[in-house]
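These are the structures in question, set out in turn.
Paired with chain B in one complex and with chain C in the other, chain A is shared by the two complexes that follow.
And then the complex of A and B:
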């Protein structure tokens, strides 16, 4: 419990900043929503001018763009990118920072097992992600109800936002698993940005192609298709299972490697 | 039961040498010195003992248990690493309380006592502390839970002589209260002052394990003499003198034996300056290597 609280304390600042950034981003987009609706025809024409693959890559669906859910699912891909970076940063740093900040010698000679250390840290990171997503969801719900021009399905809106939590969970787990393979991870940002942007670009390329059901497994960003969610009020089970598989495998690997890892002296 | 036991402990890092076949015991209540030059493998041995790194073969146990399989055994261990780093954004007292929270006992009183002895300001932020003051945090942190085994890895670097003195007193007091002390250092004098028994390590192997009193009998002194006029080499050729070098008016040699005999000898001649010092560790090691060579 003491380790968990200590971790929470050390993460709270950055989490707060990420929450504010994501809410601010959503607020900026929502602020132009009414303008878009009032000139729907012109906006559709503008977007229609983009080639089809570009629209697909950016997640733009012209038909539904002026409905609140359609609009939100377009801007949501940028929010997702933000959230993925946050989660990946958190995951990559949570275990590796003890070695980077040279405090491993302090923590790991305490009468606790390595797996207890991993558990406390993972739980703290998980808590921070939960907090991020809950606060973000409350904020965007409020914003959506303020700018809406007609009623929308609250259930679908919730399902869309819940994918944020899944995506974060996946990237958190990937981040932790990546970090345990480094003897000493000097800097977290290049690794986490590299992986997140890499997968995001791959996701965009996959989206632009046709017949991509199999290719979509490569990028977690493509596990949750907004058009599908809006149409079916649910998720595609195969991708949901793939996401869960990644999380379980990554966390299992993290435990196994971290428990066996040598913690070398600083020099 | 031994406080510490190394059994055929080997740790290799790929191609580079770690430690090879380390074998010894430290009995409860002992003050045990672990001495060797930098890079000899002292820290590797200690880190394996604490479960920070995993042995390639053999074992290292504390009170009969391995730290890796029985992490709870670490509740009786206080460890002071050679370089102290802590969570920078914390205040000293917060860090110490965090440290205490792992031990399920009330350490508040002991923290205050230790901080007073070491003259440590508990309210400061750790980022603002000098190297020496961080070291003090490390000392308090290592002792606040009244450990039964205290492991010190080059503990005095960064402490001024007055603090070193206080620190040694503190360690002796802990020992009187029953704590076992395992003291790693590359400074022979320090170990000689503190320890009952000593293990010498070089290039990953234990080359000597003995009582401090035996090591003292083998007491080598490095003697440097400056004479006003050149002096004949044969003057200093006497039992106990080795590595005799004469250069201009300087005489330089190692002496082993009754110090009075060499002092009497020196007093028979006119000298300009005299320096008697502890030989450095390398020279002591050299001596053991030579002795080993003789027996082979």
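And then the complex of A and C:
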């Protein structure tokens, strides 16, 4: 319990900064929403002069992206990018910081098992992610109800925001698993930014376009397809299972390796 | 000279990894080109679409069916990657002595702090230059392999020149932040935060014309890639202020580092 509280305290400030940054980002995007809706209205009038097939192909996508949910699902990819970096930083640093800050020997001589250490730290990181997502969701639903031009489904809005939590969980678990493989991690940022941006770009470049069901498994950013969620009010089961599999495997690996890991007191 | 060589050696492995990643990024990006080039947009309609809608639909302002337009789209990701490299390198090269507790070994040498920073900045300069050249060469070869239309090597060179200036801005920004911030561990996260913020700003200003003032905050938006795609050159009106910004940031690095209270 002490470890848990200590971790919470040490993560408090950075989590607060991340929450503020994410909410500010959403606020900036929502502030331009009305302008885009009016841009789109002009464009739709122009579309009227084009033949039916062209109108059908483009009109639908214009309609769907200028609805509040469509717009939100577009800007949401940048929010998930920020959230993934936060979670990955948290995951990579939570176990490795003891060695980096030369406090490992103080912690590990305490009469607690190593798995209890891992559990307390993971639980603290998990709590911080929960807090981030709950506060973010409350703020963003308030903003959405302020800028909406027509009604939208609150259930779908919730489902979209819930993916933020899933993606954070995946990256937290990946971060922890990556960090236990290093004897001493000098700096967290290069590792976490490398992994997150790497997967983000894989998602943007390789997994874009059609016929990509297999390629989408590579990048967790692509596990939750917003168009699918909006259409079916649910998630694609195969990717949900893949995400859960990654989380479970990564956490299991972290426990197994950390319990047996060679940790130097002074290095 | 010893510090310069020492820094190059210390960062050699990281530079090799980054270079391989850049090559793979260009390779994987270009391998998707065929999918875009064959999709065939309705061009007249596409061009009349409001800027904000194009950005939302993910086309950006480029015609991705042509090679230069597609490369410009891919270039944004390339530029982001090398900017991450540059900002982390700049922050790390200044902050690492304190982070790794080696300051006292370095500072007791008969060298001024100015000389230390000069050697470190030159080493970093060589590294971002190497990464830029690796990207340039792999882009030219990859684009050539997929290109069926006109040769765009000249445009790629201009793209890479602009990228080099963006790299320099982020390198000097990272170094200046690291020299200024008291806590050597925080400099990496802070400079990465600044980079992330400027990336997000560049994405937000795509959506609307009313926030164009914000582009000043984002080096990703300093150069007009639309002009480059259309065959225009780099404008001196942008390059000179950008170089000045680099000079100011480097000067600030010296200024702060000379007076810095070094943690031992």
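To be clear about the criterion, the second predicted complex is superposed on the first by the 241 of 267 C-alpha atoms of A that agree within 3 Å, B and C clash if a C-alpha of one lies under 4 Å from a C-alpha of the other, contacts with A are read in each partner's own complex, and residues count from 1 in each chain.
The rule is short, and it goes like this: a contact is a pair of C-beta atoms (placed from the backbone, for glycine too) under 8 Å apart; a residue touches a chain by one contact, two chains touch by 3 or more.
All figures in this text were calculated on a predicted structure; none of them were measured in a lab.
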item	value
Partner chain in contact with A:151 - chain B first, chain C second, else both or neither	neither
Partner chain in contact with A:190 - chain B first, chain C second, else both or neither	second
Partner chain(s) touched by A:63 [first = chain B, second = chain C, both, neither]	neither
Chain B versus chain C as contact partner of A:105, first or second or both or neither	first
Touching partner for A:39 - first (chain B), second (chain C), both, neither	second
Touching partner for A:201 - first (chain B), second (chain C), both, neither	second
More chain A residues in contact [chain B versus chain C]	C
Partner chain(s) touched by A:28 [first = chain B, second = chain C, both, neither]	second
Chain C-facing residues of chain A, complex	21, 25, 28-29, 32, 35-36, 39-40, 42-43, 46-47, 50, 54, 58, 61-62, 65-66, 71, 74, 78, 82, 85, 89, 186-187, 189-190, 193-194, 197-198, 201-202, 204-206, 208-210
List of chain C residues in touch with chain A within their complex	14, 21, 25, 28-29, 32, 35-36, 42, 45, 48-50, 52-53, 56-58, 74, 77, 80-81, 84, 88, 92, 99-100, 185, 188-189, 192-193, 196-197, 200, 203-204, 207-208, 210-211
Chain A-touching residues of chain B, taken from the complex the two chains share	43, 47, 50-54, 71-75, 77, 79, 81-83, 85-89, 98-99, 101-103, 141
Interface residues, chain A side, partner chain B - complex	2, 6, 10, 101-106, 108-114, 116, 260, 262-266
